[in-house]
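Consider the two complexes below, in which subunit A is the common component and subunit B and subunit C are the respective partners.
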Partner chain A sequence: MWTSILIAVAVLLALAVIFGGLLGFAAERFKVEGNPLIQQIDSLLPQTQCGQCGFPGCRPYAESIANGDAINRCPPGGETTIKALADLLDIEPLPLDAEHGVEQEKRVAVIREDECIGCTKCIQACPVDAILGAAKQMHTVIESECTGCDLCVDPCPVDCIDMVTLQPDIRAWTWTPPKPTIIATDRTPPERTGVSA
Partner chain B sequence: MTQLWDFSGGIHPAENKDLSTTRPIEKSSLPEQLILPLQQHIGAPAEACVSVGEKVLKGQVIATVSGAIGVPVHAPTSGTIEAVSMLPVPHPSGMNDWCIVLAPDGVDEWAEREAIADYRSLDRDTVLERIREYGIAGMGGAGFPTNIKLRPPKDRKVSTLILNGAECEPYITADDMAMRECADEIVSGLRIMAWILRAERCVIAIEDNKPEAIEAVKKATANTQTEVVVIPTRYPSGGEKQLIQILTGMEVPSDGIPADIGVICQNTGTAIAVSRAIHQGEPLISRITTITGRAVSNPGTYDVLLGTPVAHLLSQAGLDSWQLHRLILGGPMMGYTLETPGVPVIKTTNCVIAATAEELPAPPPEQPCIRCGMCAEACPMELLPQQLFWHSKAGELEKAEHLNLFDCIECGACSYVCPSSIPLVQYYRAAKGEIRIQQAEYLKSDRARERFEARQVRLDREQQEKEQRRRERAKAATEAQAKKQTEAEETGAQGQPSSDRAAKSAQVQEALARKKAKTEHADAAAAATKADARPTDS
Partner chain C sequence: MTEYLLILVSTILVNNFVLVQFLGLCPFMGVSGKLETAMGMSLATTFVLTLASVCSYLAYTYLLEPLDLAFLKTITFILVIAVVVQFTEMVVRKTSPLLYRVLGIFLPLITTNCAVLGVALLNLNKNNNFVESVLYGFGAAAGFSLVLVLFAAMRERIAVADVPVAFQGAAIGMVTAGLMSLAFMGFTGLVNV
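Presenting the complex of A and B:
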């Protein structure tokens, strides 16, 4: 009887050693760098890098959300981002915190080029390097890279940067879903018989 | 007899083709203005290469394309460039786009035309380049540049070339009439394309509701290897994927192109354009378009210069504007309502329908889905229209995509059979658009993140380099100091300063002592007298 107990113990020990080794190997081999949640949150944020949330960029805000901060501080993302974040984190969506700004239509910065003095201040402010220029040369915004973050407007000493709302473009146009219509029985107004009650 | 296969689903809507086939193709009169959109094809829009006020000849290039995908635009007649401006273009959005406005001078003077006598002696790429330079884009509806379609990926061997003369959509008779009257040109265009592709099999597919066209094409292809295949009439047999399935029994893979299974499909109108470009040296400046519907008294098929406003064609066909209820560009199944008749005919415009209220009444209100499943039976792509509808409506785009939303060809068969009159295709189109927007935004935010991170890295590096330089400077300074000190110590220890160095340092010492004495003296004087006037040194 003792032998069978010993065999069982030995077998279990051997199994424990094998699987422990396997798990240990897997933990080393497939180690995840950083917090994957932060990555996921960061990928939902709009990456405007505008800092309206109070953090210096989208990633720091993602880190802060992962640590339990409020999810409603991103005005460029607006309702959609809040909803996506709420879905991801399985919490209730909150209305956008007006303290950090309001949701606006997509905009891009445009430099009025003949007024630009070439001070490079906006270039230094741009978080995504979307402004092209050199000292004492005219600057211009690369429209396709501009995130509309607003950060270049304040540093400009001659106020020659405008934030322009993007106009609808025929090439970016898409179909809209059908409008919810009246139900079938409402189609024709009830016939008036002409006889007054 | 060629073997035919079947595709699933499909419908039989009322054809209404006899409206516009009663008389031969009529040449449309010259309008006062031709409006030529810079984008009449898929790809990059062309760029105007003429200036306002310039005189141009018929067939002259007025807009060129620099990108890989795109074809130039040519002047359809001689005249003066009046403007290059934003004008309404034929597009479902009803928005404006850049157009060149040409005022014809009525002379219709050709620029130099250069026909190729023997294209077979040329390089295939030269012929393809000519097809591009002569502005040819698919004339069936999508407008994909023909030269690109005729140059399949290197690893794909195209064995079958199909000329699509099915024209399955109701009302449209442009291809039908073209086949009746220009069968020879169609066959010669087909031959050129077959030569470019080295195709082994050439098929011209025509629906069996066009007996005259079948006869004409059979006559033109007599004694050649080209097969004329008569296919049963069923919408949407003229859809590229459906037609390939009917003729070869093969399905175009999802996300794939027909060349993946060794097939290429071209429209009959495109064949005419290719033939004219090679044999006559004429660029694509006109097309055959059907003007039909019961609101015009004289419906028919017209040979129209590109850029002719739809309003001009309608007045030629005798439009009764009291009767007009809806103006549709394209067919009743896949076309869209025009907001203004001022838009021009472009390379892809095959039909304009001026419909009366009885003909195409406003769609009845949408009712709830009763899960009858008729849409799934009608779907030629074997999708699940009901599920796609639920997911599209609920905004569950991932699920819709998972059910192959992007394989939907938007033929409208499901909406046609829906007893609850749900505009299903409209939901799918909206969902597709939403997915495309999301993807674009995702890409853009990804790029913004990359750029932001790259900038962060750069700033850090610059900071580090600065720090490094500062440290190096500090180190150099301390080293220099230490060196000096050791030198001084060495000289002190040796007690044999070189004579001039000693003299110099003695001088310095002396000067310092003098200065010290002077200040001390001045201070003492100031302290002693406390005079009002400060002592001034001269």
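Presenting the complex of A and C:
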């Protein structure tokens, strides 16, 4: 009688210890560094670091989205980014929040170089270090690095920075997408009027 | 070979765990709102059910039976299932953080999915051997996945349909589940295992 109870307890204890060890090993083996969702969201944002969303950069905004913030605050990314985010997070895409700016063609800053006085103010403002130059020397923008965030325009004391719209070339051009209501089941359901027949 | 095929047909269609034996109804109603979530849940449950079926068979045959401890089977099976679910949760969290977020509370709740314990106990009742246990567990999970995905697809359609006000939401879901169950009862007599 007592032996069978002892055996039962011992077996259960042994099982629990073995399983505990397995789980401990698995916890170490499949450890998750940080929050991988934030990285996935961050990689979808345009990395302009422009701060139009109200956050200091793309990464802080990604963290905020992961915590449930709205996905429609990124004007540089525009509709494409919102759709990609909605896809990733499995939620409904929203129209761009006009409070944070409107979607524009891809633009780059260009410095009119003969007017530049070399004050370095635009260099300090640039979030992606795309402006080259030194004090009292002429500055210039590295076009391939410029994200078109506008942040250098305001600090310039002589207003020699222009935002130039990039002409869509063969790599950037996209076909205008069709209206989303083209498929019957995607249309909004008929209005309900009180008691249906 | 035919027996194995019959076990699969039997668990998937004839004795479907959800619609005929009414096990695992909680995730069936809970996670069927969206097709993608339903598929994720199906995969997780398939993995857990098959693995739990194998592990509980091994634990019973090589540990409990030789030591004459058959009365410990329920608590042992629950222990096994809890461990398998925990393990799955870790793997899902590592491999697909989004699925982890979408499944949310339903992932740990696989522990309390009665289909999982049901399979382990039914394996004993039917005196299934090792291969049969694997197939029985896998078939149960495949049946669960099948009806869960079908049901989720239907609910997505129902969400945009013009449903009478009194039937909207959970009510029409229950009615649909009942009709699906009736349809699956039609498979009775197809095979006899």
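One rule holds for everything that comes next: the second predicted complex is superposed on the first by the 148 of 197 C-alpha atoms of A that agree within 3 Å, B and C clash if a C-alpha of one lies under 4 Å from a C-alpha of the other, contacts with A are read in each partner's own complex, and residues count from 1 in each chain.
Quick note on the criterion: a residue touches a chain if its C-beta (ideal position, glycine included) is under 8 Å from a C-beta of that chain, and two chains touch if they have at least 3 such contacts.
Quick caveat: nothing in here was measured; it's all calculated off a predicted structure.
Engineer: Which partner chains sit in contact with A:Asn72 here, subunit B, subunit C, both or neither? Use first/second/both/neither.
Structural biologist: Touch partners of A:Asn72: none, neither subunit B nor subunit C.
Engineer: Would you sort A:Val32 into first (subunit B), second (subunit C), both or neither based on which partner it touches?
Structural biologist: Only subunit C; A:Val32 stays clear of subunit B.
Engineer: Tell me which partner A:Thr81 touches in the superposition: subunit B (first), subunit C (second), both or neither.
Structural biologist: neither
Engineer: Just to be sure I read the superposition right, which of the two partners does A:Leu89 touch: subunit B = first, subunit C = second, or both, or neither?
Structural biologist: Touch partner of A:Leu89: subunit C, not subunit B.
Engineer: Would you sort A:Gln49 into first (subunit B), second (subunit C), both or neither based on which partner it touches?
Structural biologist: First partner only, subunit B.
Engineer: Which parts of subunit A are in contact with subunit B and also with subunit C?
Structural biologist: none
Engineer: Residues of subunit C touching subunit A in their complex?
Structural biologist: 34, 36-37, 59, 63-64, 67-69, 71-72, 75-76, 79-80, 83, 86-87, 90-91, 93-94, 97-98, 101-102, 157, 160-162, 164-165
Engineer: Report the residues of subunit A in contact with subunit B in the complex, numbered from low to high.
Structural biologist: That would be residues 42, 45-49, 57-59, 127-130, 145, 147, 168, 170, 172-178, 180-184, 186-187 of subunit A.
Engineer: Would you pull the subunit B residues touching subunit A in the complex into a rising list?
Structural biologist: Residue positions touching the partner: 89, 91-93, 95-97, 364-367, 392-393, 423, 426-427, 429-434, 436-437, 440-441, 444-449, 451-452, 454-456.
Engineer: Name, in rising order, each residue of subunit A that touches subunit C in their complex.
Structural biologist: The contact residues of subunit A facing subunit C are 4, 7-8, 11-12, 15-16, 19, 22-23, 26-27, 30-32, 35-37, 40, 88-90, 185, 189-190, 192, 194-196.
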